[in-house]
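Okay, got some structures for you below.
After this come two complexes, each holding chain A, first together with chain B and then together with chain C.
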Partner chain A sequence: MLELKPMLSALWRNKASALLIALQLALTLAIISNIVVIVQDRIEKIERPTGITVEDIIALNFMAIPQNYDMTGAIAADLELLRALPYVKDATVTNQVPLSQSGSAGTFYTQPNQEIGGENSNYYNTDPHFIDTLGLNLVAGRNFTDAEIQFSDPNESPEIAVALVTQQFAEKLYPGQDPIGKPLFDGSGSNPIEIIGVVERHLGAWVGWSNAGNVAFFPSIKNTQDTNYLIRTEPGKRDQVLKALVQKLSERDPQRVIKTKVLSEYVARSYARDNLMVKVLSIVAAMLSFIVALGIVGLTIFWINQRAKQIGVRRALGATRTNISRYFLLENSLIAGTGIAIGSAAALIVNQSMVRDYSQPELTLMPLAICALLVLLVSLAAALTPAIRAANISPATATRSV
Partner chain B sequence: MLKMNNVRKSFRTDTIETHALRDFSLEVKEGEFVSVTGPSGSGKTTFLNIAGLLEPPTGGEYLLDGDDVSNLNDRQRSHLRNEKIGFIFQGFNLIPDLTLFDNIDVPLRYRGFSAKERRKRIEKVLEQVGLSARAKHLPAQLSGGQQQRIAIARALAGEPRFLLADEPTGNLDSLMARQVMELLEFINEWGTTIVMVTHDPELARRAHRNIQIVDGQVCDLRAVPEQPAAVSV
Partner chain C sequence: MFGYYISLALRSLRGTPVLSALMIAAIAVGVGASMTVLTLNYMMSQNALEHKDDVLYAVQLDSWDVNKAYDSPNELPRQITYRDAQALLRSDIPTRQVAMHRFGFTVELRDSPVLPFTASTRVTTRDFFSLFDVPFIYGGTWEKEADTSATQVVVLSKSTNDKLFSGENSVGKTISLNAEPFTVIGVIDHWQPAPNIHDLNNSHFAQSAKLFIPFGLHREYEIYSWGNTNGWNSERPDGYEGFLQGENIWIQYWVELSSSEQKGQYEDFLTAYIRGEKAQGRFERPLKFALSKPSEWLVLNEVLSDDNRVLGWVSLAFLLVCVINAVALLLAKFLRKAPEAGVRRALGASRSAIFTQHLIESAAIGMIGGIAGIFIAVLGISGIRHLAMGQMDTVATMDWVMMIAAVGLALIASLLAGFYPAWRISRTNPSIYLKTQ
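Moving on, here comes the complex of A and B:
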């Protein structure tokens, strides 16, 4: 038989301790629910598709030692050598390595000489093998051709005529329209660059950038002192190829410094802060839950010791062990319920401030409800052992004078 | 009503075993008012605990209403306590955070009565003990005598056939003690069997029969009006 009314009135007469626990639970819920939403956001960010077959790609950077090095010739020869290596599916040249926290970006417009309303985007100067090497999915239009590649010196501004863009960037430039054949203007002026193809997805250089999905690809190779190759291997053969390729390139031309790194390493470094935040916040949430649970255990044990005689009297009057443990669990649920009600309101208020001031994700009802349930379960689990202990108090306690 | 045959109760620690009751045999008939006296540590409270099913005996046989209740489990003892036995404690043992109404309600809730039935019973017993107007008060707002009357009301609300009183006047002045005693006699006249543990020989004499316990055994059984209770060895 539930004893809600007398239980509530008894709690009201001892409201200080109950309120302290309720506030502790409220604070925990407010903090944990906001931690959960941040962790969830970071995990979503880490796990979002890059559009790239990250695990099979090797990034190679080389710097030529001699001045006036024939970079154009070296690139052609190197790529031919790389593509001929066993287990290599394709290789490409690029000015920047995707997802490496190092890249190039600019503002692009849909009208010539436009000064406002542009869209920021990463861009890559590359060749027609970029799509296959990175495993990108061409969803509209066509790829570059070799004939469209513009070779230029570092100080030259080549007249680029065509571009590939990501679907996200295309939608921002031309919302709801077919972007194929439409022009793109870079910040400098009036030369139209025709969009000839759209790739489904590609994350650019900076994973934390809100425009990371805005990417343009231009058929352009600059004759600089250093450049990057990306090499895609057959699945599971990356490390084997990695060992062989430096030796092969050095044999072909020893006058350069070559550095290699697998793309997954770049990705891991790019998300290192997010991963650290997920771990730290998860530990904070777990420790906070543990401390609150300890508080509840402590207070419930204190209450039980304080009310040992009363429990004995209840037992003498006919309460079964189940009645007693249920009483304490129900009492705890009432306190937890109060804490959850206050905590939910506090969580939403704190979240509004975090959304407004720190651009953190919005707390929705579902994670809040899950956190509230979690807090309730932690609270009940913490009260369970003391409640069972209370149930084991002998009814003979009622007749003891001390 | 209550029959104990060679009941034993011992408490054991790591180093010592204490025999609180030894071959304790006693019969209390329906409608009797029996007082239990004896020196401190003689086993009165242990007897009361076993009689009230607050703890099981170590050995022997205990029959309540003809049923052997010596080996019932905790749940069965709880139900039987709730249905058949009313308790009155020396320190009243009212729950301080509950109103008088809610205090009396405690055993009725465990009994599973409807809210309407509980209210009816509570109002009836409050009237019987003359404290209807104080139903919403807390125990601390009452005198000792009034608190004991509420404790008696709580014991009576379930209409038990058997009332166990542990020093019911021990914490009261003589006037209050007399009032409580008169109330118990009145209850007994209605037909409720009462077993009362007391140190007070005057009160003991007012019972139908006095039982003297010494060293965990019944020492003498005699009709009280004719002869005062005394230890018989």
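Moving on, here comes the complex of A and C:
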């Protein structure tokens, strides 16, 4: 490469500007590659399958006004009413709304009176309609029946005999074994709860929990002051059903305060922070690339103006337009290459602290290489127009002003 | 001279409109993005109890599972059991003390057009209002007896009083909570600490309670927590009394200790209490408790999350790139004007005069960029409010401190950016330029 030596000496004369560009590209690469792994991680988290047909479900919470309210009776009457409504596919009662960030969890064991080595799991107190209402996939065993539902006061511990669990939770409790028929112990108690069915997947109440996906379902209804219903509608009829819902239930029994929310809103709220992270970081990455590109455009134009005479002389001495453009693009690649080398090292160093101090995902070589390529492309694209313009400088310019 | 430099600076900016706009945009975007994130982090780090940071303490006791430490930064549960709260309340060492948790009621006003609604309620002891400096508009807190025996009185928040009584003095009136009559004894003024340091168990930035009721009502209404209830021991004694006497943690506890002497006494009291309970077979873990100042409590509860810190660093790095960008562009711009500076030097301007002149030009870019940056930050913050779906409304706001900080940041950034280019240009040798002209 014949041009390399004069190029280096030209760069040396402009070392401050060249260094500043290389530094910008290095920082940009360090920032963007770390942003990319974080954003990728969050998008994967948000797009995890929930196991639920989220879009067709309405969540309804009601709180009884009188202190000694017959909640059990109200639930039976309400569910009958709800299931008979037009466009309603099914309805269920539950102690918590899925993906709502609020719910119950406990530690479960495989042996009676065990004190250590339990598995934490989210749990539902619900009825047999839960599976159909949420569209869960029962992959083994059977659903529970109405007869198995235990009714109890909030102060009592009901004698629960059967449970459904998610595949993930079953695998944690009984790795590599068929969980059907195996016992489950709530806390360090001694009453076995028989696992009668396994559902393919359910994320549970908390999307950010380290044990998300560990879920147990118990046939249990508690006589509390407030409760939740989940209502699944025909596809596309959700909003129509939502409008009629509160009025129908209030007509049956006005002694309560009823609130409704569609499940998709709960989900959006649960992921709001991850979504915020994705959006803010993406915007920063985009702005960063843009600003750096503009800077390179500005500086290359400046250099070319400064060296207009030299370009003219080279053209007069027989350099082709391609020679001139290639010169500036090569010069740019040289700077970008330096920046990328420094940036890759910086990216890995920064990522170490991101992983260690802020529990963010690890940056592997593949995304780093892709980001480096992107930074090189942005840098070359920014230099392209000025380089072509440089080639258009006529040899006459040089001769005129000397 | 200063005025002259400013007019020179503005003329120079107008002379290269594209380059100037580019630099202003770089500073504005850099400042805007970093101020958006820094404002959020700054608001999240606010300590509403800063003025009482030396006297207030959140109490933690290690009553947890002997086999497994509690999962928190100091391995202590963030709440205490009801029975421990009752025992601590009997101590007369603290100047003030508060046991409390979140609850909810349905609210009705007889013969009123207001429809029944549910209201977030704080079940607490009478010192709550004085300990946290909650101002009253009407009336005041309840008597000491109400902390231990059922007394159906309630303190309303300003918004609840506005809703039910159109803001009039409602002291002495009766409202129905879960259909039971409660007498209004006080109305507080607007009170919304953000983060809500007194209860960081659920959302850190949630709205404050709408109602406040005395701590003596638990048994009467079988009150459970609407916040977190955590347990490790599944031996459940029967009935509600069993729940109250059990090992579940669901009560938040704060004390006010005015001197280090008083604090020492209280630590001795806690040590003696835990020893006594150990003798009865409770508190099986090593003896450990903690009294945390409000500022420490915010850290222990990780109010400023890892994500917030990452965003903070990313935005600062972004600003750094913007500054380096501005350095490169300023350098280009100043060097292009080198002949002009050469002439000024030849006519007798000193190096420092050239330096100052160019630094002022950079500062002008910083000022304009900073003001544009405030607008970008305001836009960015409203974007964050939108993305957070109402979960950050109490912290995603910009106050005047942060506005001044934005301009300050822009000025510092642009002066830093201008320093090297201005120095380079002040070193130019006038003779070169005089020769070529």
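Heads up, the rule we're going with is that the second predicted complex is superposed on the first by the 380 of 402 C-alpha atoms of A that agree within 3 Å, B and C clash if a C-alpha of one lies under 4 Å from a C-alpha of the other, contacts with A are read in each partner's own complex, and residues count from 1 in each chain.
In this section, a contact is a pair of C-beta atoms (placed from the backbone, for glycine too) under 8 Å apart; a residue touches a chain by one contact, two chains touch by 3 or more.
Only a predicted model underlies this, so the values are computations on that prediction, with no experimental measurement involved.
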Would you sort A:64 into first (chain B), second (chain C), both or neither based on which partner it touches? second
If we overlay the two complexes on their shared chain A, which of chain B and chain C does A:354 touch? Say first, second, both or neither. second
First (chain B), second (chain C), both or neither touched by A:48: neither
I'd like to know which partner A:9 touches here: chain B for first, chain C for second, both or neither. first
Pick one for A:396: touches chain B only (first), chain C only (second), both, or neither. first
Thinking of the overlay built on chain A, is A:273 touched by chain B (first), by chain C (second), by both, or by neither? second
Determine, for the superposed model, which of the two partners chain B and chain C contacts more residues of chain A. C
With the two complexes superposed on chain A, say which partner A:302 touches: chain B (first), chain C (second), both, or neither. second
From the superposed pair, tell me which chain A residues show up as contacts to chain B and also as contacts to chain C. none
Chain A contacts chain B in the complex at 1, 3, 5-6, 9-10, 13-14, 309-310, 313-323, 394-396, 398-401
Complex contact set, residues of chain C against chain A: 18-19, 22, 25-26, 29-30, 33, 36-37, 67-68, 104, 106, 108, 116-118, 176, 178-180, 202, 221-222, 224, 231-236, 238-240, 242-243, 306-307, 309-311, 314-315, 317-318, 320-322, 324-325, 327-329, 331-333, 335-336, 383-384, 387-389, 391, 420, 424
Interfacial residue positions of chain B with respect to chain A in the complex: 45, 48-49, 52, 54-55, 74-75, 78-79, 81-83, 87, 89-91, 93, 95-99, 102, 105-107, 109-112, 154, 158, 166
Across the complex, what residues on chain A touch chain C? 16-17, 20-21, 23-24, 27-28, 30-31, 34-35, 38, 63-67, 102, 106-107, 115-116, 154-157, 186-189, 225-226, 256-257, 259, 268-269, 272-273, 275-277, 279-281, 283-284, 287-288, 291-292, 294-295, 298-299, 302-303, 305-306, 354, 357-360
